[in-house]
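Two complexes come next, and they have one chain in common, chain A, joined by chain B in the first and chain C in the second.
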Partner chain A sequence: MSAASATPLLAIRSLRAAYGKIEALKGVDLDINAGEIVALIGANGAGKSTLMMTIFGRPRARSGRIEFDGQDITGVPTHDIARLRIAQSPEGRRIFPRMSVAENLQMGADATDSSESDRASGLERVFALFPRLKERMTQRGGTLSGGEQQMLAIGRALMSRPRLLMLDEPSLGLAPLIARQIFDAIRTLNRQDGLTVLIVEQNANHALKLAHRGYVMVNGLITLSGTGSELLQRPEIRAAYLEGGRRE
Partner chain B sequence: MDYFAQQLINGLVLGSIYGLIAIGYTMVYGIVGMINFAHGDIFMIGGFIALITFLILISFGLTAIPLILLVMLLVSMAITALYGWTVERIAYRPLRHSFRLAPMLSAIGMSFVLTNYSQVAQGARVKPVPPIITGGHTLHEGADGFVVQLSNIQIIVVVTTVVLLAIFTWLVSSTRLGRDMRACEQDQTMASLLGVDVDRTISMTFVIGAALAAVAGMMYLLYYGLVDFFMGFVAGIKAFTAAVLGGIGSLPGAMLGGLLIGLIETLWSAYFSVEYKDVAAFSILIVVLIFLPTGLLGRPEVEKV
Partner chain C sequence: MSANPAAQTSRAPSAAFILKKSLISALVALVLFSLMIGVRTEAGPDGQLTYWTRFGDLAAIVAAVFGGSILIELFRQWWGPVDTARIVPAPVQGALSLAGRLIAPVLLAFTFLVPVLFYDERYILDLGILVLTYVMLGWGLNVVVGLAGLLDLGYVAFYAVGAYSYALLATNFGLSFWICLPLAGILAAFWGVLLGFPVLRLRGDYLAIVTLAFGEIIRLVLINWQSLTGGPNGVTGIPRPTLFGIPLTPGDDGLAAMLGIEFSPTHRIVFLFYLILALALLTNWVTIRLRRLPIGRAWEALREDEVACRALGINTTTTKLTAFATGAMFGGFAGAFFATRQGFISPESFTFHESALVLAIVVLGGMGSQLGVALAALAMIGGFELFRGLDQYRMLVFGMAMVLLMIWRPRGLIGHRAPTVFLERKEAISSDLVKEGHG
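And now, the complex of A and B:
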């Protein structure tokens, strides 16, 4: 089902990871091709966030392999993975609460040792997507509203000029209007800049409409994959994630 | 009034020294959440290295005081910083993911190690040093014959402290290292996702804290004219008190707490009794902690996120 032609930008093979004795990933295979938006959907506790964090080595993979652009990054230290220009807007947003918005964005630029001009054009891009952040530059991250924090988390990730952007529940807790703004921004980034995106969502409907391809995760395993529209048609997806069904 | 002014000057000088040490406690607490009980001994080591450097320079026949002071300062900061780095590397880092009390116990052990190592290496006797900086200024001569004095060494202590604090504040607020340190303090996992080498940043925190403590050690040596292997204990506890009083984790709080402890101690000694000056300092701490558990400039532990 996946585009098997060129080497994928990110290739995950039989990945296992655990927190202590609790196995969260039980052999995950997943591919992301350059220029794609890939959605990862599944219930709470399915292991979606763990997968994103394991790509960064937190926690470390117990076994399996993670390749980025042909390079094995399974054992690379977390801070060096950021330098490969993989960026993440993680679960819970993790804004630095006692840093200004400007400093939070600077942290993103620092991640890839951006030059001054990269930084300036990065800021321009972030402000174009989220004009609200421009007004808030001197404000402390912790004082922003939930939606603004989400914008900041995505903006911070973009400041590192990522080749792969990973977004964990970007619409969580947001008013529908703001959630739509954020989805629009992701689509724009993908179409205009060819940015590759992995998006984790509980809002499966939104995510699958946005994505080129999707994966469904249940209990640490990928159970289904296909194009976004294919998955949207599947009765089991509709029952479990779309029609107000069992969303634990 | 004159007497009070004089005590105020003395208190500010002592407070500067406490403040420089307190910054090391508060910085390490902020970033790794542990009390580095060996920090007082790092201060003591700084004093000893300043003294040894002084004696070496003198034995080479150097007489230019400003040059001697500058070399003492730089050598003491550099070597003490190395001690700070080493202590973190061998005693705390291996325990970072252990249970919460482990690094603290290790710190207490490290404190004993440094104290006894200095005693064995340098001897147990108090090491005096002849006054290196002499002279001063008479600010005011009262009718009763009481003279308010500001000695040159007091000026040097305060000016050095202010300059270092300015550099340090700039470093924390405006440089990449400072930003990385604050990022690690607020969210280590996120910092590492953003390419910050957390281990290296923590090491740098210990290095900077130790360098500031070395300055305090050298100032202590110049001001009191002596060092001994045990001086880190009491000074360390006082500076720790200062850090808690100001709000542990807060850098301006550490300096403010240092100044307050210095003033309280000096004024109490001047007006009441020298014997009970420590009781006064610690009593104030207890009172503040009862009514302001997070210290004067500290923030509540839980932040709205």
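And now, the complex of A and C:
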């Protein structure tokens, strides 16, 4: 990884968010530099998904600041955040089951005033990454397998030509081999196009191997951060997330 | 029978099962009908309650339920379980798909020819106008319910807004139909947005309740705002439409005189027929066009998964409001047409019954399917007329037909959803491969 630029692409400062009275984020600080893959790991209910959704404006931040490319986006409506070309592949894939694969992909481009040529080149890019989707173009989204649906969800997010791609648990419910394919695709995107990626994962081993840097979240707070390999070596990480409490 | 023990054993438990099921049905019928049919009450000559029993009728009904459920069970076994794949021979499949592709153009051509074929039959022309009105209403509601997936039980409100807009503008200010038509659409769309705002966060049953209430509010306002709407007396003397300023009257400036042909009141009916046909086709065309644009795609995506829409940065507020406004606008057009056709409107024409009927047309037709909605409108409205001879039993027939249809075709007559993004060249993927799985 080359030296990070002075201002990060995404900067989060003492961010707090809550669902009603339940505080999900209790003052989170996080930086994502351009061209980086950042992994956010943590147990169920740690607030990882909430952090990702708060960046996207829903739920709104109670306090703190989110800056994207130097611009404060803390109070910006969700659809305007999407226009800044931050894209999200939500947890559980959430593709549109009755719409065809092609329509699903077009939906991704719809939020960001894409021209016809943007759409065409976007499709080309997605099909180069996931040739399987090209074969399935006319099929309904709901007929795809889990792995193909995940590819579709990522492809749909890519159609908006994102500057920051946020992936929520892309390996959820996938066979290890398929999960590996997905992670490989993310690595390819980052290496070839320099795409900045925030990946939220429970599969800490995979995610940290993929990521340049990682953050560990516990109960709405960032407790640890460091490069992916550093974190992988930390005994507490190994104990908590990698070996089910076992120590070597 | 005893010669085939295998069949015997496979049948024996099912016979007991059928008997048991039918007995339960009969018992339910007995409980249900013992008061409804078994006892007849009426007010006597002095206002006192008199009643007598009709156990014979009750026994007949229960027996009919018992026998009927046996028949249905046998029929089901013969038919096989619902939703299992059956092998249909290729030629039959080919013929069916050909028929499927031809039905829309044939139907359209036939519709165009109706006034020619049935020129002398006023009844059929009137019925055709009625059917087309409901086709248009169905297509309008289809935008809201079928595409955007927002269950609207108060659609008649926009129909009423359109009708009253035209009626009041025309009678008070003497504006012509062609000026009032867009105004009626705009006003109805405005009310659609007005309804849309409070229900933005609501979905499913909650949305249905609010829209139902909205429909009733509009009707009650129409009844009670006597000074403006004339209350229960309605608005009379609504001007008939003109052919771009040329009236269809027997006078010297009428169309017949101008064309030098003999005047006939049928001219106006034929004109109305083509007018509503044009309006309905406009609705259809706009809907088809919109479906291929991002906004139409967003409507459908909203129906599929609202959370995913937000995750993609789709503005769900404007998406919902435009769906309400577009659907309402078409309802308003249909309302204006209704007012000019009737020449008289009153709140009685805009009851919940109308909303339910239009919704039934959309659901029966297959939500989102344009052809399905047209067929369903034809079946429902035409069917009402067809079964007029059955008198009070026709609702029974309709209820039954609807139940059966929903059992066998839960997605409606045409449950297939046409894709809106096409490949540049046609690929050899048969439609059988892309059917949706269940789950």
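Here, the second predicted complex is superposed on the first by the 239 of 248 C-alpha atoms of A that agree within 3 Å, B and C clash if a C-alpha of one lies under 4 Å from a C-alpha of the other, contacts with A are read in each partner's own complex, and residues count from 1 in each chain.
The rule is simple: a contact is a pair of C-beta atoms (placed from the backbone, for glycine too) under 8 Å apart; a residue touches a chain by one contact, two chains touch by 3 or more.
This structure is a prediction, so every number in the text was calculated from the model and none was measured.
Model built by superposing both complexes on chain A: chain B and chain C clash. Once the two complexes are overlaid on the shared chain, A:R94 sits against chain B and chain C alike.
In the superposition on chain A, contact is made by A:T138 with chain C only, not with chain B. By the document's definition of touching, neither partner reaches A:Y215: not chain B, not chain C.
Once the two complexes are overlaid on the shared chain, A:F68 sits clear of chain B and of chain C alike.
In the superposed model, A:A102 makes contact with chain C only, not with chain B. In the superposed model, A:F130 lies in contact with neither chain B nor chain C. Contact comparison for chain A: of chain B and chain C, C touches the greater number of residues. Only one of the chain C stretches 2-10, 74-82, 200-208 or 254-262 carries C-alpha atoms that clash with chain B in the superposed arrangement, namely 200-208. Residues 56, 58, 77-79, 82-83, 88, 90, 94-99, 103, 106-108, 110-112, 142, 156, 160 of chain A are contacted both by chain B in one complex and by chain C in the other. Residue ranges of chain A in contact with chain B, taken from their complex: 56, 58, 77-80, 82-83, 88, 90, 92, 94-99, 103, 106-108, 110-112, 142, 156, 160.
Chain contact summary for the complex, chain C toward chain A: residues 294, 297-298, 300-301, 304-305, 307-308, 310-315, 417, 419-421, 423, 427, 429, 433-437. Interface residues of chain A, counted against chain C in their complex, comprise 56, 58, 77-79, 81-83, 87-90, 94-100, 102-103, 106-108, 110-112, 137-140, 142-143, 156-157, 160. Residues 176, 179-180, 182-183, 186-187, 189-198, 303-305 of chain B are the ones touching chain A in the complex.
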